[in-house]
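Mind looking over this structure? Questions follow.
We call the chains A, B, C and D, going by the order they appear; numbering starts again at 1 in every chain.
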Amino acid sequence: MKNKPLLTGEKRIIKVGDVTFGEGKPVLIAGPCSVESREQVIQTALELKEVGFHVLRGGVFKPRTSPFDFQGLGLKGLEYLREAGDKAGVPIITEVMDEHNIEAMAELADILQIGSRNMYNYPLLKSVGKVKKPILLKRGMSATIKEWIMAAEYIAQYGNVNIILCERGIRSFDTYTRNTLDLAAVPIMKKETGLPVIVDPSHGTGIKELMMPMSKAALACGADGLMLEVHHDPENALCDGPQSLTPKQFAELKSHL
Amino acid sequence: MKNKPLLTGEKRIIKVGDVTFGEGKPVLIAGPCSVESREQVIQTALELKEVGFHVLRGGVFKPRTSPFDFQGLGLKGLEYLREAGDKAGVPIITEVMDEHNIEAMAELADILQIGSRNMYNYPLLKSVGKVKKPILLKRGMSATIKEWIMAAEYIAQYGNVNIILCERGIRSFDTYTRNTLDLAAVPIMKKETGLPVIVDPSHGTGIKELMMPMSKAALACGADGLMLEVHHDPENALCDGPQSLTPKQFAELKSHL
Amino acid sequence: MKNKPLLTGEKRIIKVGDVTFGEGKPVLIAGPCSVESREQVIQTALELKEVGFHVLRGGVFKPRTSPFDFQGLGLKGLEYLREAGDKAGVPIITEVMDEHNIEAMAELADILQIGSRNMYNYPLLKSVGKVKKPILLKRGMSATIKEWIMAAEYIAQYGNVNIILCERGIRSFDTYTRNTLDLAAVPIMKKETGLPVIVDPSHGTGIKELMMPMSKAALACGADGLMLEVHHDPENALCDGPQSLTPKQFAELKSHL
Amino acid sequence: MKNKPLLTGEKRIIKVGDVTFGEGKPVLIAGPCSVESREQVIQTALELKEVGFHVLRGGVFKPRTSPFDFQGLGLKGLEYLREAGDKAGVPIITEVMDEHNIEAMAELADILQIGSRNMYNYPLLKSVGKVKKPILLKRGMSATIKEWIMAAEYIAQYGNVNIILCERGIRSFDTYTRNTLDLAAVPIMKKETGLPVIVDPSHGTGIKELMMPMSKAALACGADGLMLEVHHDPENALCDGPQSLTPKQFAELKSHL
């Protein structure tokens, strides 16, 4: 703990292997909501490799609203994700929910994600502050700009300034979209913190047809990358199928950016 | 009144003099929040003319939260706006709040605006439905997508399908920005109604520094135009000074689109 | 227009015939969402008379989200409501949406209501400010406390301080209830304006089973009355059937207050 | 994990020492936001004892938005709270934020609280599901009714059905109050889950003057208890001073319930 804010707007660039966040070229993170099996994640990764992408995502511990929903494959799933990332030649990112697993996960994953539901989980933020891997910090679903900045500051204060921010939509009164994508947060957070900011239009809208226009808009207002749910077979996905692109749809989207 | 919806997604193009909404080329609407004097609006219009713009905006009846705030110059102000538009060679747009004035205002103005506070004012919507001028319908500050579509449908049902929609930010829990600009509404409303959709980043964010990134983002996701507050002397504006661009700043913004 | 606020917290009592708002005894306003026919409103009024109530409500101009929904019987409906009120021996209240009708409506009605969708309709507020009948001003569905105070101030500034406020729920992210009933607004608005404040749990929750607990809660925190939708045959009501009580259910509720 | 919901509306009564939640008599939980020192918490507890109260509250691990704010005294603070509760002859409740501490805290505390920021922290919910002490589960600051029910179900599924729910206000667009107290949630959650539901007007409004009317309203709509911040010296409190009552103000409030 320092006694003064560390994220004061000074621009930071985050390197993960060959991938760089914040240097102008948008980073494309893609992959399934959940790792469902070894075959599924490897197949998706290889199809994405053909299209061209930069980071493979996949959840292995899933924060599900209902205890009766699929909770993820756990560390075994992370091994599959690692293998898939290696086969595709890209770094991997996965969400941590639990202090107990951080060390084990940090060994296998290249970036650790703090999900929307854990943005206010200060013990978890402190814990990833002590990790030597970059952290992707999603905005809480109804977090104010100020609260989001302070959540990043928690991580920084505990020793880790390699933070990538991710706008993923906020909760509003309208139910047409899953969330309300708050793109103004992109230039605001870049200016306030100096950190790279990416956008997740999959959770931000929940509607496949909006991936293209909102991805373009995100990059147009300065986003340093995109995080997109891609599944080789969305209709049979265990979660978030309706908002998942196929690798082919991802290719189409990529060609228009 | 027809007995079936008229706005079913079929694409419509709206022509106002030489200006066309919905044909690919973004329309730039600019001008002061309020017409404050003949000199002010003419000066702003001439400075904008030098930069290049398409429609002059200016409020003459102002829906102010407080009865103690400046309420606008009324029809006299509209004459000034007309004169300024003519000098700049562009059509003009102004807000109607009151059924009584619609006819008089429709004679002088080229586009009539329904402001955010009146999106649910159904008698007013019906009245402008009978007018032979295009209507710009702003989204209510906490209107759902469905309510906004239905508000447009009111206008259409009463005889006027020349409607331009305008996303201007919705009310959320965060107070960092004046409103939360909901850019996903642009592709959604275009698809649902077929009408042109423009974006007002001035009210949508309330922060001058966000005009540039959010204007770019709006166009990137398909907006048919932008509505921007421009004042020749923002520091002395009677309303919305802090979010108003100078003509010079508008020129800078325009050069980056 | 005075140049200073008139609603500064000084307590006001509003008399309408034998009914008094703001004097400790809660006023019960009841009746159907819409006047649907002479028979319907008279039957409901007579059944309510047996139970005991204070003011008869009924909409004749309805602000409906969709232009295809029932828009009300207009002035003919108001005559029916007047007749029903007279037969029940109680004053009547109905919503005005349109400046054109205010005079005609003020002749027949005892209280004029400004609905939630018109709280920001400043020309309408100014117009009812000139009327010699009490005004019931509902809170806009996402109006801040400050905006609501200012809306009442508009009415007062134009000459009418006989204003009754009505909390009817605000829009939030949750869809379990129709709106989120903000009961803290009751003591706040009483203190800030000095005006009587009533509560509408029908729109505030949209769920029949919540009428009883929320009515009790409203009175417990100081509400000066309640406005409840009561229909003699909710299943066949033209609007708001699911949230309407039968006169018998109203009697049950009344007995528990 | 059972394969079916356990919280299906069957009424449950929770006993903690001599205190019973859900049996008709409202339970008063009072105490400071944070345990600041041994003296402070003992003095507050003894003053509350004179007034009469049922459970002593006090935070020792504080989820603060800013890492620079006071984070609590930790387990040492819990020892002070235990001593204060014993001196006052009442059970104690404190918030757990971290799986690591649950066992140690469950040894000293009588009720463990899951705070608003952790309602979506599923590993924590699972962990307290395995504890043999009652859990007070606060509603997330923008949790829907359904999400709140599911959060309680997580705890129940992992073995602990002794859950008390606490409505503490939700986030809305208005900033007049700290949060919007959603009292309709009280009868809704009682019916949906069968669990006792209490109300926290301190966080729910953030305004001292609203404690009295909102406490009355909470009990009127069926709340099984109240949770109130009480500090012997609010002006010098390390957190939440402005919304804290003095023991004398608490006595005044209690006398009116």
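Note that in this section contacts are C-beta pairs under 8 Å (C-beta built on N, C-alpha and C of every residue); 3 or more make two chains touch, one makes a residue touch a chain.
Just so you know, these numbers come straight off a predicted model, no measurement behind them.
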- prompt: Using each chain's Cα centroid, which is most distant from the centroid of subunit D?
  reply: B
A-B or A-D, whichever has more C-beta pairs in contact: A-B
- prompt: Between subunit A and subunit C, what is the gap in Å from one C-alpha centre to the other?
  reply: 48
Field: Separation of subunit A from subunit B, taking each centre as the mean of its C-alpha atoms, in whole Å
entry: 36
Message: Need the CA-centroid distance for the pair subunit A / subunit D, whole Å please.
response: 33
- prompt: Listing for subunit A: what residues touch at least two other chains?
  reply: 142, 146, 171-173, 175
Subunit A to subunit C touching residues, read off their complex: 142, 171-173, 175
- prompt: For subunit D, which residues are in contact with subunit C within the complex?
  reply: 142, 144-146, 170, 172-177, 180-184, 186-188, 191, 204-205, 209-210, 213-214, 216-222
- request: Using the touch rule from the top, collect the residues of subunit C that touch subunit B in their complex.
  value: 1, 3, 5, 63-68, 97-100, 117-118, 120-123, 141-142, 146-147, 150, 153-154, 157, 171
